[in-house]
Structures are given as structure tokens and as C-alpha cells.
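There are structures below to look over.
In the two complexes that follow, subunit A is the common piece, with subunit B as its partner first and subunit C second.
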Partner chain A sequence: MKAPLRMAIRSAAFAAALGLFFIVIFLLAALFVKALPVLDMRLLFGDTPPMEAIMGVRPVFDGLFPAICGTLLLVICAVVLALPMGMGAGIHLALSASPGTRRRIGFCVDLLAGMPSILIGLLGFSIILFLYRYFPFITPGLLPAAASLACLILPYLIRGTWQAIHTLPPELMRTALSLGASPVQALRHVLLPAAKPGLTGCILLSVGRAAEDTAVILLTGTVAAYGLPSGFWDPFEALPFFIYTTAAEYSSQRELAMGFAASLILVGLCGGLFGLAALIRRTVQLKIFTGKLS
Partner chain B sequence: MMNQNIKIRIRDLRVAYGKSHVFSGVSLDIPEGAITAVTGPSGVGKSTFLFSLNRLLEAESQVRVSGSILLAGERGWQDIHAASTDVYELRRKVAVVFQNPNPLPMGIFANVALPLRLKGIGRKADLEERVVRALKQAHLWEEVGHRLGSDARTLSGGQQQRLCIARSLVMQPEVLLLDEPTSSLDAAAEAAIESLLLDLKRTCTLVLVSHSRRQVESLADLEFSMGQREKKPVFPEC
Partner chain C sequence: MANHFFPAREKGEKIFLHFCGFSAYFTFCLVLLLFGFFLFFAFPLLKSGGYFLLLVTPWQPLAGNYGIAPMIAGTGVISLLAVCIAFPVSLGAAAFCEADLAHKNLVRWIRPVFQLMTGIPTVVYGFLAVFLLVPFLRKAMGGSGFSILAASLMLALLIAPTMILFFSDAFRAVPKEDLRAMTAMGARPEEKLVFLLLPRARSGIVAGLLLAAGRAVGDTLIALMLAGNSLAFPSSLTEPARTLTGHIALVMASDTQSPEFRSIFACGLTLYLITTLLIFFCRRLMVAERENG
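Presenting the complex of A and B:
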């Protein structure tokens, strides 16, 4: 390749990387500037004293605290529900599925990943309506919304787990078996720890996807100004829904600024979860190297 | 034939991948406490033969193994293909060291302790005692004893291979299968491993696949050339 062309490609690649950096900075700066007028304790708790709000003594109706808690609960529930099935399917596809099964299930996973989230929401809503006839306590709420979101993030978990294990060197499995490990022991003691960076990546992707989605929870459980949910079947507030309704129906500049502040908090929340996951990954990695992992 | 007990008795061993035969009709007695070298041209199935001795071959798909492999033990001959044979225990008894050093992505201590943990040994004192013993046996303790928590992949090639040998030795195997263990190492590391193998001969039976004529002549008590389907003693007096 000629030097000028090589130089041009390198410059373009550098510009693309730099562009991404500037987009993120611009986005965060724009959100921060727009949200600045309302960045105070009232943003979170409104007129409710913070301690009373946190302890659940008094409800918060004009602050983002219930939406933050609702979003956190929703993401945790969705990931907990999706993780066993997602990882189980991914492990099966990576280690023991026949090529035909792998192809067929892979197609279904890709199809589910490409499905618009509103369809998943509609499916969740239909199931709630169907179940309501037999179990009247099942209404739109935290658990149904989390279950619907779990369907949304399932393909990310399956594909991520599959790839994380599939791309490991085949020698790892052979070495583990040669040391007297059963396939399950090889998976637990060797393959999963080795695949941890990839697995953490796909869980993070799923967390981000679950935290930002509005269409699914719109139909399956979220409401505006409800306060904190008191059980898994209760409706809940969530940041993406707050952002959506504020953008569509704001009646004052302060409300609009609150929408921007909610966006900033959502980004911060995802960043915080990513940081936590990275910390867990580093701690586990450290334990592996010092031999303290049982 | 040397005046020694037989550790492994192989009769009419055949291995095929799908419809393609790798080798057939291999019969061989492997003496106890000796180094048996397996030689032959590339592609003749030396590594396949080696991995059939502890049923590691079965981990691969579409492999068919027939014939009999008997392992001598305290209670007489054990058919390694018998339904009653615990394949995981067999792989601890008949350990293997691969051609390329393959430390697992974990610390030095964790690597050597892994087979013990797999066996259910979790007491820290037991683990430490046996790991240290294995590292000393593999002549590695002096070099890594002060940094057992370091990533095993940061060791040199020769150290990594000795680590893999230590990881096998920690299981106290009766037989150690070595698949060209020095082929990817420099001369100094090769010499260290060869000296180690001569030491190990005192405690276990070794089966060594090697392409190096010099190595076979300096280490082996017995040579089995797979191309010729016969075994011929090289140094019967050893």
C-alpha cells in the first residue's frame, strides 16, 4: 500500500476514534448544561425530606428518587431472570450443541435480538391479560415488566456467553479434562473464569439495554408519579419512561430541565453499574491469580 | 525384554476418526518405572496413541477406539474402557503433559492446585504442602516460590512446561504421558526438562512421544516405533 493512502486510512481511523470521544463528551456536556438549573436535592426528593423519602416514610411525587429506585430494581430483576436461561443456552450452544441445533437456535436468537422492543412489550402485555383471567393478582407491574425485559436482553446474554466461551482456546477444555475434571468442573473452574471478561461484557450490554428501554415497560408496568413499589406486582416509576413522558408532555422549562437531568442520571446509573461490574471482574480476577478462588 | 513389571498392556488397539483410520493393530507392553519412547513419522498417530491411554481422546467428537488397554494396579489389571472405570480418576492416574506449555489463565499456585481442588481437596494446608512438593519435584520451586500468585503465563516457556509437569505430578500419577514436551523449548529448557524426566522415572512410568533421535537415545529405556508396529529395546541394559 502506498504511503499517502496508508496515511489517509490511519488519519481517518484516528478521526473516527476521536469523533466518538467528542460525541460522548458533547452529549454529556449538553445534558449537563440543560439539566444544570435543576441539579439540586429537590430534583431527587421534591418537597419530601430526603431521609423520610429514603426510609419510605413519606412518598415522593415530584422528584426522581422513585424513578431511580424503580429503574434499578427493574434492571436487577430483569438480569436475574434472564441470566440463568441466557447463560445456560449460551453454554449449551458453545459446548455441546450439534452444528444443526447451533444453526437453528442461532437463527432464533438473532431474530429475537432484531425484534422491535414494542413487540416484546405487546407480547408481555398479552400474556399479562391472559394470565389475569386465571390469576387476578397478575397485573402490569415490576415483575411482569422485568420478565418482558428479560426476553429483550436474552439474545444478548445467549450470544455473548456463546461467543465468550466459543472463542476460548480449545486447549483449555482439553487441559482441564486431562487434569481429571468432569465437563461441569472444567466449565466451572476453567472455562467460565477464563471467559469472565467476555461474560462481563455481555452482562453489561444487557444491563444497558434493560436500563434504557421504554417500549417494553410502557406496556407492562411503569406509570408516572406512583412512588416506590411496595411489591413485585406493583406498578413502578422508571427513568426512561419519565424522560419519554417529560419530552412529550412538559409544561414548563423546569419540567424539561428535569427530563434532561433524568437523562443525565440514567447515563450515570448505567456508568455506575458498569463500574461496579468492572470492579467485581477485577476482584474475581485477582482471586483467580492469587489462588483463593474455591 | 527387560526384567520389569508391566504397567500398561495394550492389545490390538485401533483408533479411527469417523471413517478414517488413524492406526490399527497396536499391541505393546509398557514396563513400569521406565521411559518408553514412542517414535515414528509425522501423522502416524503418536499423539493419538498417547491420548488413548487415558481416554482423553474420547473428549473429541467422532473418535472410535477399540482394542484393550489394561493398567496394572494394586488390585490387578484394570480395563480402562470398562464401565466400572472412573474416567476422571483414570486421568489423574495417567496424567499427560502436552507438546506446548499450556498453563491455565490463573496464578502459579492456582494452576498447580487445580487438580487437587477438582478432586475435592480444599484444605489450605494440604493444598500448600502438595503444591510446594510438586513444584520442588519439578525443579521449579526455587524460581517461583516467591511469587506463587503471579500469572502463570508470565513464566518463560521452559518454566511453563515445568509448571505443567508439576501440575501433573501434584496428582501423584502412576503414569506420565509426555507429548513432545520439549519441542517448543530452547536448548537450556530442554536440558532441564530432560534431567527432570530422568528423575521422575524413579516414581512413575513415563511414555514419551519424541521426534528427537538424540532425546530418545539419551532418555528412553524402550522405543516403540509406530511406523513399524513393533517395539524395540534401545538400551535393554538400562
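Presenting the complex of A and C:
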């Protein structure tokens, strides 16, 4: 290969990587700069005293507190709903499924992971409509949205659990079984503790996924202004939806800056979770390769 | 760990195992349920052959036409453009990270940023673009700035990390012995990239491309916020358009018998079929690769 061609290839790769790098840095910097003027306690609580807002004594009107609480509640509900199912399915696929089942269900897991989130939202929405005819108390709200989000993060949990158990050295299981443990005991006392970092990583990843998604909650129960939800069927506010509505209908510079601040918080939350997950995954790989499994 | 024989000793263990099996099949059923739902609601259209008619007719509610052809065109153009922009950039970035082209320390600084990119929510990309990219396009190109171009550019940014991840994995899967053999014969990093890494990583690259295309087709918020959501057929890149996903988000009809509602499910069915096809081919490629190497 001639030198000019080599040079061209190298500079193209440099241009692509550095260009992408600087665009992302620029976007994050712009986000930070625009959000800076409103980064204080008023951003979260508006004019309500913080303690009273946290205790729920007085509602918060122009702060992000209800949106942050809504997102947290939503994510917690979604993970609580999806975690047992996801881990159960992952364990089944990793340990006791036949190759055929593994292939079939594996395909479905991949399909669900690649499904556009709006389709899952649409499914949730039509199920709510369908059930509303027979059970009028079922309306778009916190629980239906969390259930839809649970469907969204289910494939990530399944894949994560499956991978975490599958990548363990096979001697672990064999040793535990030969010492007289039943397979479920081996799973509980040996495999799951050894797979803990991998499991934590996949849970963090799915929390991040649930926190960032907008399309699902757009169809299943989030509203622009409601305050704290008081029950499972109440509508709720959420950070991503706040960002979406601010982009379209902000009325003052302060509201716009609050949109940037909300974006910053969301990026911090999701980026932090994803980064933590990546860090844990790297530690796991190190542990597996050096054989130090404690 | 291939252990297909996994018996239980006590009753509790049996219940636990049954629960695990049930969860696995639940996922299976969920995917079928999703398909069934779209089929059920779009069935009246399918029966009369109207589904295929919808795919080619425009959206003119006053004339009684609820076709989704403009949305299919919008989705197609925006996703295709996004993939075309993102592919060379991601390939370059992945080569930068994996092919020894740059100094190790530089890569160590840049790679985490690409990893961080996977964690940036789509709504944030949309929000930033509304206030940074759209005014710029408005000045540069005229019009409102909410256009196919704006949506494609941001979508390219969204799918780039997915592609980089896949390409990097594909490059890393090339056996180290082959790389060392080429080095021993005096090959430069660029030559190793072009003659060894790229040909060997081909199926991984195509799989990443398909998966990223799936993400581009399925993303809602960027297209909804940036593409302008016009219902006309797009005639140039600076004009607004509407995607299938955006259409679903915008048409919130609660009357299940209305033609608008049915058209949403026609959109949903179309999206489902596109996604299924892309993932099917992606998986086949990955499986074929695993069997070969």
C-alpha cells in the first residue's frame, strides 16, 4: 500500500473519531453552560421550602422535584415488576433450557430488545383501553406505565442474567454439585454470588434504560403538570416528558434553562448508571481472567 | 455451561424452577402477544386487502384516505440517511479504537466518551438539536429548520455508538495470531485494517449496520421533535416529514373503531415487521459467524 493511501486511511479514521468526540463534548458542554444559570435549590423545589416539599406537605409548582420523584417511582416500580421475571428467565435459559428452547426464546428476547419502544407503549395503551371497558378504575397512570416499561427492560435483564451465569467457569457448578448441593442450592449459594457483579451491571443498565425512555410513558400515563402521584393509577410527571414538553411549549427563558437543567440531570443519571455498569463489567472480566472469584 | 438436567429436590425448589421456566415462556408469549395485538386491530384492514392499499395511499382524512405511505417514505428516507451518515463515521471511529492507528493513551481518553454516548437519552438529543441545530439549519438552508436533515443528523449521532460497539467487537474477534503474523511480515496498521480486519469483520459489520438501522427506524423522540411532522410526501432533504413512530405518538385517537386508530395499528404492524426482519437477518449473520469461526 502506498504511503499517501495509508495516510488517507489514517486521517479518515482520526477525523471520524475526533469529530464524533468533539461533537459529543460540545453538546455536553452546551448543555452544561445553558443549564448553569438555574442550577440551585430553586430548580428543584420552586418557591416551596425544600423540607415541606419532601414531606409532601405542600406541592411544588415550578420545580423539577415532582418530575424527578415521578421518574424514580416509575423506575423502581418497573424494576420491581421486571426483575423476578427477568432473572428467572435468565436462569432458565442459562441452566435448564434445551438448545432448541434456548434458540427460540433467545430470538424472542432479541426481538423484544430491538422492538421500538413506541410499539410497547402502544401495546400498553391498547391494553388499558381494552381493560377500561370491564374495569373502569384502570386508567393510564403510574402502574400501567411501569408495567409497560417492565416489558421494555425485560430483555436486558434476561440477557444480562443469562450472560452473567453463562460466563462463569463450569467448575463452579460441578464442584458445588459434587459436594452434594442440589442444583438450586448450588445456584443460590455459589453461582448467584459469583455472578453478582454481572447481575448488578445488568440491573443498572436496565434502570438507565427505563429512566431514559420517553415514548412508552408518553402513551401510558405521564402528564405535564400533576405533582406527586398519590396512587398507582394516578398520572405522574417524569423528567424525559418534561424535557419533551419544554422543547415545544416553553414560555420564558427560565423555563427553557430548566429544560436544559432537566436534560443535564437525566444525562447525569443515565450516563452515570451506564458508566458504572461498564466499570463493573470490566472488573468482572478481570476477575474471571485472573481466576480470583471471591 | 451446558447442563440440561436440572432436577429439583424439594417442593420449594420445584416451584422456583417452574417459575423460571414460566418467566422464559412469558417473554416468548409477550412477543407473540405484541404481534397478535397488531394483527387483531389491523385485521379489518387486512381482510379487505386494505392494508396493502394503505401502504401506498396518502393521508387525506377529508377525502377518507388514511394511507400511511408518507410516513413510510419519511421513515425510510430519515433512517437511510442517518445510517449513511453514521456508517463511515462509526467505521472510522471503531478502526481508530481497535486497529492501532492512534496512540494508546489517546484511545484510552476517547473510548469512554463513545461508551458514554450509549447512555445519552434520545430526548436529550432531540432537545439539544431543537435549540442548537435547528436554528443553524434555518439560517443556512432557509425554511423552518425542522427537516429530514435535522432528524437524520441527530439520529446518526444516536446510532453511532451502537455501530461503534458492534464494529469494535467484530475487530476484536479477529484472532491475534493472524494479526501478529501480518505484523511479522512487515504490514503497517493501515494494511492490517484493510486486508485483515475489514474482510474478517464483515459479518459483524453488517450485523451492526442492521441493528443500528433497526434503532433508527424505531426511534420516536428525535423524529417527533425534529422532523416537523408534516403529512405531505417529502420532496427534498430540507423539508419536514413524518415517521411511522411519530405518527403513532401524534395520533391519539381513543375511539377504537375510527379509521385513524386503525391506521395507527397499520403503522405498528409495519414497524413490527420491519424490526423483525432486521433482527432476524442480524441474528442469522451472528450465528453464521459463530459457526464459521
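Operating definition for what follows: the second predicted complex is superposed on the first by the 237 of 294 C-alpha atoms of A that agree within 3 Å, B and C clash if a C-alpha of one lies under 4 Å from a C-alpha of the other, contacts with A are read in each partner's own complex, and residues count from 1 in each chain.
Following the convention adopted for this analysis, a contact is a pair of C-beta atoms (placed from the backbone, for glycine too) under 8 Å apart; a residue touches a chain by one contact, two chains touch by 3 or more.
Small disclaimer: the values here were computed from a predicted structure and weren't measured.
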Which partner does A:I280 reach: the first (subunit B), the second (subunit C), both, or neither? neither
Greater subunit A contact set [subunit C / subunit B]: C
Return first, second, both or neither, reflecting whether A:A194 touches subunit B, subunit C, both chains, or no partner chain. first
Determine, under the contact definition given at the top, whether A:G180 touches first (subunit B), second (subunit C), both, or neither. first
Taking the superposition as given, does A:F107 touch the first partner, subunit B, the second, subunit C, both, or neither? second
A:V33 contacts which: subunit B (first), subunit C (second), both, neither? neither
Could you look at A:L122 and tell me whether it touches subunit B, subunit C, both or neither (first, second, both, neither)? second
Overlap of the subunit B and subunit C footprints on subunit A, listed as residue numbers: 173, 182
Within their complex, state which residues of subunit C touch subunit A. 1, 3-4, 6-10, 13, 16-17, 19-28, 30-31, 33-34, 37-38, 41, 88-93, 95-97, 99, 101-102, 110, 112-128, 130-132, 157, 160, 188-191, 193-194, 211, 214-215, 217-221, 225, 245, 248-249, 252, 254, 256, 264-265, 268, 271-272, 275-276, 278-280, 282-283
In the complex of these two chains, what residues of subunit A are touching subunit B? 171-182, 185, 189-190, 193-194, 288-291, 293-294
Seen from subunit B, its contact residues with subunit A in the complex are 54, 56, 59, 88-89, 91-92, 95-96, 98, 100, 102, 104-107, 109-110, 113-115, 117-119, 122, 148-151, 167-168, 171
Considering only the defined contacts, which subunit A positions touch subunit C in the complex? 1, 5-6, 9-10, 12-21, 23-25, 27, 30-31, 34, 84-89, 91-98, 101, 104-105, 107-112, 114-120, 122-123, 126-127, 129, 151, 154-155, 158, 165-166, 168, 170, 173, 182-184, 208, 211-215, 218-219, 240, 243-244, 246-248, 256, 259-260, 263, 266-267, 270-275, 278
